Amino acid sequence: MSHTPEVLTLFIINILLICFATVAFFLSVRIVKKYDPKSSTSLQYKLQKESYLTSVIIKFLFFIKIPLFLFFIFTLDKLSELITGAMCAAGVVDATGYGNYLFVLKILNLYLFALWLLLHERQSSQEEPPYFKEQYLFFIFLYLVLIAEFVLEIFMFEAIELDAIVDCCGTLYSNATTSYIGAIFRINTPLLLSFFYANVLLLLFAYRYKKSFVFSLGSLLFLVIALVSLIAFFGTYIYEMPTHHCPFCFLQKEYYYIGYILYILLFYATFHGIAGFFVQERKRAFKAIIAVVLYTAIVSGYVLSYYLRNGVWL
Amino acid sequence: MIHLKNVSKSFMTGKKESIEVLHSIDLQIKEGELVILRGASGSGKSTILSLIAALAKPTSGDVIIDEKNIAKISDDFAALYRGENIGFIFQKYNLLHNLSVEQNIMLPLIPMNLPLELVQQKIQNVMEMFHIEHKKETLCAKLSGGEQQRVAIARATVNDPKIILADEPTANLDKKLSLHFIEMLKELKSLHKTIVVATHDPLFFGLDFVDKEIIIDDGNIQI
Amino acid sequence: MSAKINFYLLEFALGALARQRSKTVFISVVLSLLIALLSSFFFIANSIKHELLQTLDTLPEITLQKLQGGKHTNIETSAIDSILLIHGVEDANARVWGYYYFGQAQSTFVLIGLDPFEEHYTKTMQQVVQKYDFMQESRQLVVGQGVKDILKSYYYTEEFNFIKPDGGIVTLPLSGVFNSEIELESNDMMVVSKESAREIFAIADDMATDIVIQVANPQEVATVASKLQLLFPDARVITKEAIQISYKNIIDYKSGVFLTLFIVSLFTFFMIIYDKLSGLSSEEKREVGILKALGWKVELILKEKFYEAFIISCISYILGVGIALFYVYILQAPLLRSVFEGYSKLRSSFELPFVLDLQTLSLIFFLSVPIYVAATIVPAWRAAIQDADEVIR
């Protein structure tokens, strides 16, 4: 049990979000059950008005979830000071069986919420939105995922024992582990790098020649490849240590919080890229491609800078 | 350009009672026309203006503006439609009293989020046209009746609407100011807008620059 | 549309706040004060944590205490021999110290026995050893400034009488005062020679209060600690890290309690705000109706209300934090400090060091701004869905 003020704050804000999400949930259920675009009774009118409340709540949820997620990582970092053995958030995430799932779920939720908002915007700009009901059905699904995240988060924080020694990222993310993470390091590095840069080129070409499906698929692929290559290769250049593969340590002050920038760029790039599948928009693809280029530039920059300063590769 | 087709409008006066204000009326106004809706208070002329401005929905029938039926559009699109196409001069002006002249005039432009120079230019133009520029920083609460009216007109035209609607514009004015308003009507006509004025003020009757007079009596049209 | 900032709207929102002066001021003041209260608490907690951790940093890596019946008892100094054999142990020393209760002042002092030949861990101790030659004259008493003041008020200016467990008296001349950078130390610490300490507490020559162990490599501490535990099953092995963690936990626990109380008051505030904003004045209804008539969509009106809420809460946040900084670090937080300090009377007079970090600031931010904005959601919506046709009547 760990009740630091940070954890309590997370809990409090989460409760707040869940309360509002529940309101939106009930409103969405009503809309899905009773909305009829053809009729114009006072009930429909009322539902219309309620839909404004629902969408405003969902916007609020999303815009709070983003900084809250960063704060969540901050909290994990701070907890790592209290847990013996953990040197960064990685140790905390791994301390319980829930941590990894929670993390993935949180990220997934961010993508889903962003997607909902995107779709909603498209619907709102049309006089007779074709998927008015469906978007609220989508939210009902989102709500359930949100509850799952909330419950998981409670379990995780309750399960953390400050006295139990956990593995540090050095152990978790080393070449020696037998888990799936270890498998990442057995990938041939030149091969991995060529996949990475090939993916970037693919995205550039898809953008240039306006192949939106390829672009979306490429973005999804990029999410995976970028993460893997970050852990396996680029991260080591940020740490300037060939064995340091932790995806969390570079979120800390010593590395100028570069981790936040990289992950935000990655999220931004892949979200807009993947969203292109649903909503074809040149501007959106542009945002995505800029973020991809920036991300690639930064990670490559670390590698090059090391080489230039030391004359050798790691 | 404006076509009310078989429009009826009822209002709820209690839980179950309603009163029908317009009875299956049919009305057409061409683009660029200046039309006077004549009728006594309560005859339904204000309601017709509301319908044209999509501030109210007809109980039955269609309201077709520029070939688009606005009778059933959602609240939000009604607002969008108004912002782009309608300039409304209300009977009570409906200015925000704690805002200055300039701030009041700017209100219809805020949703459009246009570049700053354009916004400033539009505001400047209408202020000059209706001779209210010298008071641009003054709070509307401190203006005289006539000045408030000019601000109301300026605000109604700043977004360059196709249709201008005026509801009993001279109801609270003395003769001098009423005549002044009629002068400004002429100016508005010169801008080639479609103008509809609902009034029972005899000053408006038989004016040479008016294209059509429609008489409303108890919810029915008499031509 | 939703993510772009409409500066005209922002200006309008600012104007709207200025126009509803009394409401805006009321909310800002209350919110700022609440935030100031919250921030003060966190700042004090942080400062104390910082101060304590600095003290703790001077502790030895491992402290070995013998337990009997679960309670602390004196340990044999012979244990040192086996300890030194453990791989990784750099040094091990027997400490003689204890708490001396000064009945007249009802205060408890920490009495430390110094051996001039041994390594001394804290800067203060090193100072004392340098300044006061315990080798030459073993019968000395050096105290912290706070202690000196207390002794003085009971007329002990030249010397002090310690009462032994058997009732006998040990008189030591008051040699001088030491100054510590860490005020907690100087306020309740007395330093004597080891022999004197043994005498005062009646600890035999072959016994000690505890044994402190220095480990060369900090990474090895855990390993050495576990070996020690195996060697001395009846002992308590305390690592510096463990102490640091438990202190952090105590402070966090207190913060947690406070936070819970705070949330209650915030919730009350939330309700008041909701209530106050829910009641739509006819003026407000009219305004919304006019705006809609002029082409404002519901979303835009909601956005404007959000701007208002965000502006008020951010300004209150900045003000609140500012007030707290002033209260805690300039006024030194009268009243609130006592929540944290439960020890003896002496411990309450040190200066709170300035500690400000991003995490605390973001913590405070999350506990104020989103909550306030959330409180305005439903009232704002109620206002925004007003029908525009009322405006015509």
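The letters A, B and C name the chains in turn, as written, and every chain counts its residues from 1.
Please note the rule applied: a residue touches a chain if its C-beta (ideal position, glycine included) is under 8 Å from a C-beta of that chain, and two chains touch if they have at least 3 such contacts.
None of the values given here were measured: they were computed from a predicted structure.
Asker: Would you mind telling me which chain pair, A-C or A-B, is linked by more contacting C-beta pairs?
Answerer: Result: the pair with more contacts is A-C.
Asker: Quick check on this structure: which chain has its C-alpha centroid closest to the centroid of all protein C-alpha atoms?
Answerer: Centre-most chain by C-alpha means: A.
Asker: Round to the nearest whole Å and give the separation of the Cα centres of subunit B and subunit C.
Answerer: 65
Asker: Averaging only over C-alpha atoms, locate the centres of subunit A and subunit C and give their separation in whole Å.
Answerer: 34
Asker: From the C-alpha centre of subunit A to that of subunit B, how far is it in Å?
Answerer: A distance of 50 Å separates the two centres.
Asker: If a residue has to touch 2 or more other chains to count, which residues of subunit C qualify?
Answerer: 298-299
Asker: Listing for subunit A: what residues touch at least two other chains?
Answerer: 49, 124 - these are the residues of subunit A that touch more than one other chain.
Asker: So which bits of subunit B are touching at least two other chains?
Answerer: 75-76
Asker: Which residues, counting only subunit B, touch subunit C once they are in their complex?
Answerer: 46, 49-50, 53, 55-56, 75-76, 79-80, 82-84, 86, 88, 90, 94, 96, 98-99, 103, 106-111, 113, 119, 155, 159, 167
Asker: Can you list the subunit C residues touching subunit A in their complex?
Answerer: Listed in rising order, the residues are 1-2, 42, 45, 222, 241, 245, 248-249, 252-253, 255-256, 259-260, 263, 298-299, 302, 359, 362-363, 366-367, 370-371, 373-374, 377-378, 380-381, 384-385.
Asker: Can you tell me which positions in subunit A touch subunit B when the two form their complex?
Answerer: Counting only subunit A, the residues touching subunit B are 40, 48-49, 124, 127.
Asker: Spell out the part of subunit B that touches subunit A in their complex, as residue ranges.
Answerer: Within the complex, subunit B contacts subunit A at residues 57, 72-77.
Asker: Which residues, counting only subunit A, touch subunit C once they are in their complex?
Answerer: That would be residues 3-6, 8-9, 12-13, 16, 20, 49, 52-53, 56-57, 59-60, 64, 67-68, 71, 74, 78, 81-82, 84, 117, 121, 124-125, 162, 165 of subunit A.
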